[in-house]
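Sharing a structure here in structure tokens format.
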Amino acid sequence: MSLNLEDVARIALLSRIELSPAERASTRDQLNGILGFIEQLQAVDTTGIEPMAHAVDVVQRLRPDVVTETDRRADFQAVAPETEAGLYLVPRVVE
Amino acid sequence: MNRETQWEVVIGLETHAQLQTKSKIFSGSSIAFGAEPNMQANAVDIALPGVLPVLNREAVVCAIKFGLAVGATIAPRSVFARKNYFYPDLPKGYQISQFEIPVVQGGGLSTRVGTGDTATEKFVHLTRAHLEEDAGKSLHEDFHGRTGIDLNRAGTPLLEIVTEPDMRSSAEAVAYARALHSLVQWIGICDGNMQEGSFRCDANVSVRRPGEPLGTRREIKNLNSFRFMQQAIDFEVQWQINEINEGRPIRQATVLFDPDTGETRAMRSKEDAHDYRYFPDPDLLPLEIRPEWIAEVGAGLPELPQAMQQRLQSEYGLSAYDAAILTGSRAMADFFSVAVGQTGAASAKLVANWVMGELAARLNR
Amino acid sequence: MSDLFNSSLRELSAALAAKKVSAVELASLFLDRIDRLNPGLNAFIALDRDKTLAQARAADEVRKIGAGVTAISPLCGIPLAHKDIFCTKGWRTSCGSKILENFVSPYDAHVVEKLAAAGMVTLGKLNMDEFAMGSSNETSYFGPVQNPWDVSRVPGGSSGGSAAAIAARLAPAATGTDTGGSIRQPAALCGLTGLKPTYGAVSRYGMIAFASSLDQAGPMAKSAEDCALLLNAMAGFDPRDSTSLERSTEDYARDLEQPLAGLRIGLPKEFFGEGMDADVRAAVEAALAEYRKLGATAIEVALPNSGLSVPAYYVIAPAEASSNLSRFDGVRYGYRAPEYDDLNDMYSKSRAQGFGAEVKRRILIGTYVLSHGYYDAYYLKAQKIRRLIAADFVEAFKHCDVIMGPTSPSVAFAFGAKSADPVQMYLSDIYTISTNLAGLPGMSLPCGFGNNNMPVGLQIIGNWFGEAKMLNVAHQYQKATDWHLRMPSLAGAAQ
């Protein structure tokens, strides 16, 4: 599997990472180098093997339904790029 | 020949029911409605670096109750997955949901379409119901042309209930939505408040000529009243038929219903090709639900509307229609039960008529 | 007092208990060393003398008032430094990235909380590869860290700041995190002892996520005994982390003094094949000879799928990272591009300008392997191979108590030697990655010197929850040898 420039542009859009046209070409080459390395996985027969998503074989622990939090808006918004009236501001979203 | 009779309408509904817990699905923040912006958004809800989700037990109890109420399979092991996309009301850049293995699988809901003697029975099959977190809210009011983000709602527990494409008219869709709305309140998992967004429906609508494969669907988002649902589906159906008749193929899209114009229109923000890159959330382990837990939750469920309808017919000789009306809401059913307990079974029909007529009319005033 | 900068944690604890030194004096001693030596090493990227000394004064108070009243942790008053991946309330927590350059954390990570509760004093925050993605510390936005043994060489990564700080005796101990070798490899390259616990032993709450199913925090210090003491304070159940394991508290130092007679050491033939430099091999072989003298026997074991661990890791880790790093979007905290057209442009520019090249590469790879049409071929495939790799270890541990091998295929390399070719860099972690995939504990301890007099690390891999055994095995070796006591000349000359 080898990526072309359009693939790179699509992945960059999904990732929300701007790439200049020049970066796109070098990124393509680097990603193809890594994908070429990863490609060796395809040769392994994994028929009937259960995928392993977690490092430990335990089940989800459940939290009691209790409100434990108090308002810390001022602390949290102290590090925010742009706020007003307690809201985080972003460029206008058009629905 | 009426052009419309050539067309079959196919509707599937996805409903987001906000679960009646005290705290959020993955954090200890309150989910009470109406707080000042971002005052009920803790470190987990605003996705500070390093924070982690822990599942609220009560949200799972709600899912089990629902599964039992619709005769579904409750998965002994289900998996939380990340749905990845960027949006300012989605702080982590992904929504924690369930994808390949949902907690509730199958089941269905019997509904009555129409009124009086002409009413017909319709059984709507459910595909699944899964647990997920709600997103925050975007406020487009005047912030110098910018959008304000309130994350109080982010992380509110939702049960997303998905039907098969079983409904063939807006009337059937509304009948199903009403029955579901009544059921989730009946079993006490959702307050059903549609104005506050506790119960929201998305309708997947397509049209086809009978016998043909399913047409391309468009999804009408965020229908927050039954009346709008009916109007939106009716408009959408007519629009799709017109488009096809004009030779324009339907393209899959997400649309919004504008109550002021009565029209649906495609959402601009959803134009990007979506690729949600679902994968199992490594921060959450598989959810295990043992049979003993299901039995325990089942023992606490009230008599369900279906069972009660049967009982009202056999015990009091009420008609199927009357029984359905009386079990239309938990409050009405409870009122009837108490009243008939006072007056005796002999006057059940009288009490039923009074509850459905006089009382209902006064309550509606 | 003058030699305290090179003391073990037990010695420091004894000195504090005997009032030979105060926590404030100790903290000042290290802060002064940092002032002198850090400019040439770049190990610390955040310092706050007032905060540090306030914490030290509090520790002195606890030792004074608490004596005889409450149980005082042996670590009370001992300074340490945190890898900048741990959220530390009131401290800039950057994760080595421009995107968090101005992020002052409003909360403490569980590990930070626990060590502070034990009375440990925070000296500052340590440099690291950006978002822990790197094996040389060259990806940090704040510049590379120099290896105190030879400042023209890398300290390893991603916990390179932690390793360099301890090696230069700027801190007696530090926290680290290990996703594919990020504690063990820099420990090896800087001549230290570092331990990655079993996945789930230490809470990940407040540790900025790289690859959630692989990340694990652990101690870095000069000796196994120091690591045991630190792990006692770091480990333990945390209800805020769903993957934190509910186990009864254990004393990781309990078996340190057990003799090694009868110990079965598994040597995976895959770890001793080609790819390991001759100087590393010689030091590791010598260490194994030492273990035989201590009564251990070596058995060959097989980890037939371990060769697949690096490619499987470079699917799984970027996939998880691509999602974990989506929260850095310039909306609620972190860097926001100064100029943009609309919302998507703001996202794309903020992330393009805020993340470094390696981080972006991994996000893109991760996005790709999860994307429609490729998920099964890459992500699911890698998850299946992950199970095969874990199963190999289950089989191997039927025949041995611990597994040993090299930590890194080479000693510390020169700056720039591997940074041009990502895959070459990825292969620096060839011996460490499989334990993360399996969730096993692993550690590295110094076992000699290789070319150019650079330290070599011996890796010990334990069975699941076998930390106490690993520490025992390492401690007995350190009682018989003195590699762990060696110090770079730069550290000694500073006195």
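Which chain is which? They are A, B and C, in the order written, and residues in each are numbered from 1.
Everything that follows uses one rule, which is that a contact is a pair of C-beta atoms (placed from the backbone, for glycine too) under 8 Å apart; a residue touches a chain by one contact, two chains touch by 3 or more.
The structure presented is a predicted model; accordingly, all values stated were derived computationally and were not measured.
Between the interfaces A-B and B-C, more contacting C-beta pairs are found at A-B. Chain centres here are means of the Cα atoms, and by that rule the chain farthest away from subunit A is B.
Taking the mean of the C-alpha atoms as each chain's centre, subunit A and subunit C sit 24 Å apart.
Rounded to a whole number, the gap between the C-alpha centres of subunit A and subunit B is 29 angstrom.
Mean C-alpha position of subunit B lies 47 Å from that of subunit C. For subunit A, the set of residues touching two or more other chains reads 13-14, 16, 53-54, 56, 58, 60-61, 63, 72, 76, 82, 88, 90-93. Shared contact sites, meaning residues of subunit B that touch two or more other chains, fall at 43, 46, 48, 54-55, 86, 88, 149, 275, 277, 282, 284-285. Residues of subunit C found to touch two or more other chains are 103, 106, 213, 239, 242-243, 322, 326, 329, 331-333, 343-344, 347, 367, 371. The part of subunit C that touches subunit A in the complex is made up of residues 102-104, 106, 199-200, 213-214, 239, 242-243, 245-246, 305, 308, 310-312, 314-315, 322, 326, 329-334, 336, 340, 342-349, 351-352, 355, 360-361, 363-365, 367-369, 371, 374, 377-378, 380-388, 390, 421-423, 426, 436-439. By the touch rule above, subunit A contacts subunit C in their complex via residues 1, 3, 7-8, 11-19, 27, 30-31, 33-35, 37-42, 44, 46, 49-56, 58, 60-61, 63, 72, 75-76, 78-82, 88, 90-93. Considering their complex, residues 43, 46-55, 82, 84, 86, 88, 91-94, 149, 275, 277-279, 282-285 of subunit B touch subunit C. Those residues of subunit B whose C-beta lies close enough to touch subunit A in the complex are 21-23, 27-30, 36-43, 46, 48, 54-60, 77, 79-80, 86-88, 138-140, 143, 145-151, 256, 267-269, 272-273, 275, 277, 280, 282, 284-288.
By the touch rule above, subunit C contacts subunit B in their complex via residues 86-87, 93, 95, 100, 103, 105-107, 109, 204-209, 211-213, 239-243, 319-320, 322-323, 326-329, 331-333, 343-344, 347, 367, 370-372, 375, 379.
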